[in-house]
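These are the structures in question, set out in turn.
Same chain, two partners: chain A is paired with chain B first, then with chain C.
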Partner chain A sequence: MEWIVPKLISEILKWVLLVWLAVVIVAAFLYVQPAKSFIGESSRIVFFHVPMAWVAVLAFLVSCVTSVMYLRRRNPKDDIRASVSAGLGLLFAVLATTTGAVFAKIMWGAYWNWDPRQTSITILLLIYAAYLALRGAIDDPERRASLAAVYAILAFVTVPFLVFVVPRIYWSLHPDTIINTRGANEFDSRYTQVLMASLVGFTGLYVWLYTIGCRIETIRQRRRQEVL
Partner chain B sequence: MSDLMGIAVVTLMIWVGLFGYMYRLDRKVSRLED
Partner chain C sequence: MWRWLAEAMAVAAKDLRTEFRTRVAINSLGLFALTVLAAVSYTVGPYRIAAEDRPFLLAVLLWIVIFFAALAGLDRSFVKEEESHTAPLLRLAASPSAVWFGKLVFNLLVIYMLMAILVPLYCILMGYTIVMVWEFVLILALGGYALAVITTIVAAIIARALTRGALFSVLSLPLLLPLMIFLIQGTAGVAEGMPEVVSSTVRAVLSMGGIMTIVSAALFPVVWSD
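Up next is the complex of A and B:
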């Protein structure tokens, strides 16, 4: 996290994150009552599934913004930021899809139903997997960075459409989002507290993973240049 | 121990393990940067 905050503060924040997410886990299972409209204890998966989906969208946004910055400034660090964030976005999108499939099995009887949300997240996963494939296919660093930046911007254009628009246009098995179609939050207050705490915790986890990823990639590039 | 408590404990163990791995990785990266 030294990329963002000084060393001592980043050290404290890491331990705060450990305790924060530990409390979220305990609260998710022991503090909150299961939601009435869900089968059994399945509603508890929401405390992990929603933050994972949120972090995926955030990571794709960061990848898009840093790609724009790369095209403007041509700073290799922006390319590193974009690629690391896209990779993390893909990881969290896979985790959100997996937890969603477990939820689907309990609620709807099958892991995969080709529900609009499941279909749109699959398309999104393929789009960002292609981004990583594109990066892997080009040897020249500058050409790779430029093409990947343009692709990341175009890829992000599809995110609001696939994540927010498509699932609302078509009829879906998926439960309402936190703020539902009537514009209200109808969750129990404890439920909302834990969900918000989880969103904050997962965002912190993303920031930490992102900074570690950027630092590793910087070292890797520096070593590659030393070899050449 | 109830099922719910068991799942909470396993999830906590996964989180602490992941944190430990990331913390060590973070330290290693810091050493490589110096």
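Up next is the complex of A and C:
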């Protein structure tokens, strides 16, 4: 049973992804000049930090959408999709936080200073850790699925406040997001090329991990039912 | 519509009556708040914080006391129905949305009662002077409402889980933290007399309370009936 694409295509895509990510990593270090407004080589971390943050938000969006779908259709596969995506979102949010902290140390002299962006990602991490804690606390699979779906939707509602409202109310050191409010781009064209390629690559990585996660979880549930 | 409202008010009235009979939620909320207030007032007091830091730091302490007191007792509204096995009967007696609204009204009343006692005491004991008093009341009212909406739906979720006590704080706090950040900023604003901070806080809290009301009203039937 395949989750998204037939076996041969998925095998080819896997290799394309591998080559693509390898090229992105090499390009991030050799093809692009460091941006002028950043200290030393620190601007290169943007190629990894921004995609991690993007994938984290995307994963949470998928988790929210599949939760809504579960509540509408009551298909257990949607619950598996939501939980796998939330787990991956948590992983990528941790990676975004770590790469962000390294960047903060170089640019602003401290790994952590409770900048509004750091505050909001911390709350995001807490939300999805709580989501997984809730899943662990309910025995009945159907009740677990629907209550977790409700919490995932509630949690996703707070994301816009964290991402958009909190950084607006507080003064932040964080650079403007790449497509910033003035619509201007502070980096040269090579920079944009690599960043876009990296965004595509890491999104592909997320899709791959997501399909594997869904398959593993399906097999695990089937085995549990066989045991019972 | 009137029938629905009557059902919801009946649920709220029933909860208030049983609450005044046992006083579990009021005792845990009120005593928690008073104990923490005594501890804060004894250790920090009115003079320990430098004058320029007072508006902000005292706002932080005030909202920490209110939020944690709320987390100490507001889960009772649903947990007690499951523990006393009255939930199935309530499911038969009232529509899910009426139960949700009734519980929300009950939680709101409990929070407002807590605030009515705690906030004046806090201002007296900590020497917290507020420049814009009516705006402060507005922020307290809106903050209390958003707090009640979020804790009501989370209480409904955890009432159906296994480890209830710890899970209530774990699930509520991440959802409440953005609200707490806004409210602290707004309260520091009313203490210093900064209308622009107050207006941005009021807008943020209103939109958060509003969207949480809509989402929980839509999702509550799932939590309640499944």
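FYI, the second predicted complex is superposed on the first by the 226 of 228 C-alpha atoms of A that agree within 3 Å, B and C clash if a C-alpha of one lies under 4 Å from a C-alpha of the other, contacts with A are read in each partner's own complex, and residues count from 1 in each chain.
Keep this in mind: a contact is a pair of C-beta atoms (placed from the backbone, for glycine too) under 8 Å apart; a residue touches a chain by one contact, two chains touch by 3 or more.
Predicted, not measured: the structure shown is a model, and the values here were computed from it.
> Identify the partner contact of A:Leu134: answer first if only chain B is touched, second if only chain C is, both if each is, neither if none is.
second
> Please work out whether A:Ile153 is in contact with chain B alone, chain C alone, both, or neither, and reply first, second, both or neither.
The second partner, chain C, only.
> Looking at the overlay, what does A:Ala110 touch: chain B (first), chain C (second), both, or neither?
A:Ala110: touches no partner chain.
> Of the two partner chains, chain B (first) and chain C (second), which one does A:Val165 touch, if any: first, second, both, or neither?
second
> Between chain B and chain C, whom does A:Leu209 touch in the aligned arrangement: first, second, both, or neither?
Only chain B is touched by A:Leu209; chain C is not.
> Please work out whether A:Ile12 is in contact with chain B alone, chain C alone, both, or neither, and reply first, second, both or neither.
After superposition on chain A, A:Ile12 lies in contact with neither partner.
> Look at the residues of chain A and decide whether chain B or chain C touches more of them.
Touched residues of chain A are more numerous for C.
> Between chain B and chain C, which residues of chain A are contacted by each of them?
none
> Residue numbers of chain B touching chain A in their complex, please.
Within the complex, chain B contacts chain A at residues 4-5, 7-8, 11-12, 15-16, 19, 22-23, 25-26, 29-30, 32-33.
> Please name which positions on chain A make contact with chain C in the complex.
It comes out as residues 71, 119-120, 123, 126-127, 130, 133-134, 137-139, 142-143, 146-147, 149-151, 153-155, 157-158, 161-162, 165-166, 169-170.
> List the residues on chain C that touch chain A in their complex, please.
Touching chain A from chain C are residues 153-154, 157-158, 160-163, 167, 170-171, 173-175, 177-178, 181-182, 185, 200-201, 204, 207-208, 211-212, 215-216, 219, 222-223, 226.
> Using the touch rule from the top, collect the residues of chain A that touch chain B in their complex.
Residue list for chain A touching chain B: 2, 14, 17-18, 21-22, 25-26, 28-30, 41, 208-209, 212, 215-216, 219.
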